């Protein structure tokens, strides 16, 4: 049991680390947002699953479940809000090769 | 500027739960972290989330400003009257006038639960009103 | 070490309050100052004990609850002050159309 | 004088009567909406407190009714008050997060490759969804956001704008099939 | 651990005073409040942590954003 | 009987919220009746316990039956009773005045009563943290009241005041934290017990804590390095509020400073106060002479009179403490009288500038009379109360000739600047349109005039009663109406008027015009606060 | 030194990385991304600490935290949406 927990804990730290690295490396807001929010979600969820397995059925794991559900509801909304504000604020998405006619297609 | 459908939808479904969570913080204030003030702020945050996602008019429909004002004032008066009731019963100001239950249960401090409820509603209404004032003035 | 860091946060708040020209920056400085004091109180309360001062069965060795109780009050006062100060800033902006204190002082000298 | 007043007031009175009737129908729905909201909230209360003592349950019931009385209009809108949206298929609703979770996990590992290599081909794609209910659309959009590699930028009725980190195509039809995956059919079965 | 959190808090405090863009200053102030709340939590003061998280991160941010949206975003 | 202590705080609070609630429910019902009722009721309660106080009794009370550090404890002795009485009386009179002046919004009455709540709390509390909380209630209500008219200057004054006094409050809180860390107590009596122990164990920390506390409260007591907020705040507030601020708020803050210095036994700081007070009295008068705005002149004189009080407090003999407290009461009476009559002038003419007014004496004889009584009192002319307390102060400063000389100069300057104010009542009248003054505005003035005269003619009532209340042992008060003293006051009057005539020459005008232009900005006054803190710390460490 | 403390230390170090984004982010949205990443990491630290202290009541703080981080981000983006960027 504790072995599974360790695996999940390792996964969680791993994803958190790579989320941060991605956020620092990527070129524009949208890609940074992708890296950060996804990795954060995955890391937090794997942490919660690991802890719930570790603790079994107890009041702590029920509370962790509630936190997880709340987080699952709010996290995509927050990242959507940031992305939308950037999109409407006029920040163009970064692309590897940008041609003139593609700009109008993106908007 | 139109509103994002996702934000409005999620906040619509989430706000009742946030309000309930604020009430939970208030009513379990003496058994777990939280209490009148913290719960009140969470209540206010729930209403403010509604205000941010749906705009001023819809908040006015569910939580009219007049009612919030009235809640705030009446709660203070209730608090003071509860305190004075202790004086009238021959004890000191704000002394417990309800019976004590067993320790570890919610009604263990029935009086404190009541006071926390009053403070929480007052704080929630007050902070919401401050934000509305800054929005309109 | 951590004590000096707390003092440094306090000093940063004072610096923001005194040296910044923008009114909103001043209020941010005030917030940081208040937070520094709250931090100081909670820090001196946490020397003894190993768990939160909320009573349950079988809990002993709690930290000092008094600074925490005091700091709740201080936080309440802090938000009242922030809200009032922001309302005043809004009114000042509507009167003078600027947020810089030096310009406002210059204008009110001319009055 | 009197007669004219009566005449003047007659149509108004009729209208008011009709209103009362419609309010009756409306208020029946209102009661159902309040009850439903309160029951959802009560479930939330039990999860918050993790305490099944009778006083706690009683307090939760009163508080959730109080909250429901203020927010039923938000929680279940008038247009939503249909049988299908009120009572989704519960077993599928519970199963759906599990499906989502497995998808999220599988796709998260794919995310690491562009993070390490720094190679990506981000594009913005537009497509439509066939879901009718607004709630289902929002859940679809959130699922797309949760799935690594894609981010919903905007949702306008049935029109979705998605930022795709590793775009294989920008053709709307194929992109839709790749991004939506099985989510749409699942959600269709839950909410219609 | 305590020192690292305090260091982050100190950096955020200085940042929130140094940004010329007031909105960035407020984002930094919100992060400051979040880390402060974590610190209170670490010092066994969950009551204060909740109050700080609710007030500093939620309400104060909204108040500041309301005021900035009615005045000016840039410092100068 | 003990319950009266909590009622003194709860009654204004209850009535303040009732005012708002009633005005919220029905617009026609006059909610301000509740405010009058609340203050009058608490005045009655104060008189109810007067016999017990005069027979040397003290009261203490703990809210909710919880003693110790978590409960709120209240305590009342003679000094607290007297301050509370003066504050309540002046608040009542200012409220009566305000009901005639203008149709104020219910919010005004709300904050007015909240100010009273804060004042009573600061006076009555027996716990240093509760003192901070009540101080914040007091200050928040004053910020709102100063900005009530929402003119640009009023809002700026309120904002300056807010920032300065919140910085002071932050230092006060820091001082509480240091004391709690070192001693583990918060109640004033408990601190008194551990003080000697602390002074021996960790003197530098203790000194820092004391200075933080003194500066934190002293910022509201407005002696000289900390006075920068006061002139604007007092000048641009509504008239009843400036009367109350000048008469009550700075006095209450000073009494809190007094109490803290008494408890911590910071005698070297007390010695510093003699010089601070003397310089405050002297410099503030010069600033006052340069002003033309009538309320600003009065505001600067508030600072100057605080200098008298502070200097006399610094000597720390039983005579000087009695004199200091007596001057606090006298100053509350005549300064509120002066502010209210200035408000009357502004109400009738709508002009604030002294140089643009003249010949009002014939049009408003009552206002002229009130202003004359107030001016003679503040200048220390015989049959009025200012004479008695100023004499006692100069007697108590016998061993400090330089300070006594500065105080004398301040008296001369006071006479000069009040001759400037009195000039608006004599001469040919310029304006002809004058508003009618309702009775409710003149009645408080007459009552205050009567008080001034009564305390001036029978100074032994006031000073004797005070010495019985605040000084433990009995001592004999020196007589006030001796020949030399009366002669000296007449001489001061003559020199002052000559000095006033000197200021009217072109050279004097240029000098004072230059002084008027010298103003500290907000940033500099905040910096001054920090510098004075450092200075105090160095002083207390060296001596 | 239990495994929870070590894990929370790791999360703290990774949140130092997201602090860099708040510092250097060219636009306000970039800084928001940093804020958005700090919140779940702090929630993770809080949950780990609660397990370490072995008390359920600490988890309430994490719940409040998860809710309120969401609200502040919504508030800031709502302001950003209305106006064109200056940068």
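A, B, C, D, E, F and G label the chains in the order they appear, each numbered from 1.
Following the convention adopted for this analysis, a residue touches a chain if its C-beta (ideal position, glycine included) is under 8 Å from a C-beta of that chain, and two chains touch if they have at least 3 such contacts.
Model, not experiment: these values are computed from the prediction.
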Shared touching partners of chain D and chain E are B
Quick one: which chains contact chain B and chain F both?
-> C
Of all the other chains, whose mean CA position lies farthest from chain E?
-> F
By Cα centroid distance, the chain farthest from chain A is F
Separation of the C-alpha centres, chain A versus chain C, in whole Å, is 32
Distance from the mean Cα position of chain E to that of chain A, given in whole angstrom | 22
Which residues of chain G are in contact with two or more other chains?
-> 15, 32, 34, 56-58, 60-61, 63-64, 67-69, 71, 74-75, 78, 80-83
Shared interface positions of chain B, touching two or more other chains = 1, 4, 6-7, 10-11, 13, 21, 25, 31-35, 37-38, 42, 45, 48, 52, 127, 130, 134
Find every residue in chain A that makes contact with two or more other chains and list them.
-> 21, 33, 37, 41, 59, 63, 66, 73-75, 77, 79-81, 84, 88
Pairs of chains found to touch, sorted by chain label | A-B, A-D, A-G, B-C, B-D, B-E, B-F, B-G, C-E, C-F, C-G, E-G
Complex contacts: residues of chain F adjacent to chain B = 3, 6-7, 10, 13-14, 17-18, 20-21, 24, 61-65
Residue ranges of chain G touching chain B (in the complex, touch as defined) = 56-58, 60-61, 63-64, 67-68, 71, 74-75, 78, 81-82
Chain F-touching residues of chain B, taken from the complex the two chains share | 69-70, 73-74, 76-77, 80, 83-84, 86-87, 91-96
Across the complex, what residues on chain A touch chain G?
-> 6, 9, 12-13, 16-17, 19-21, 23-24, 29, 32-33, 36-37, 40-41, 43-44, 47-48, 51, 54-55, 59-60, 63-64, 66-67, 70-71, 74-75, 77-79, 81-82, 84-86, 88-91
Complex contacts: residues of chain E adjacent to chain C | 2-3, 6-7, 9-10, 13-14, 16-17, 22, 25-26, 29, 32-33, 36, 39-40, 43-48, 51-52, 55-56, 59-60, 63-64, 66-68, 70-72, 75-76
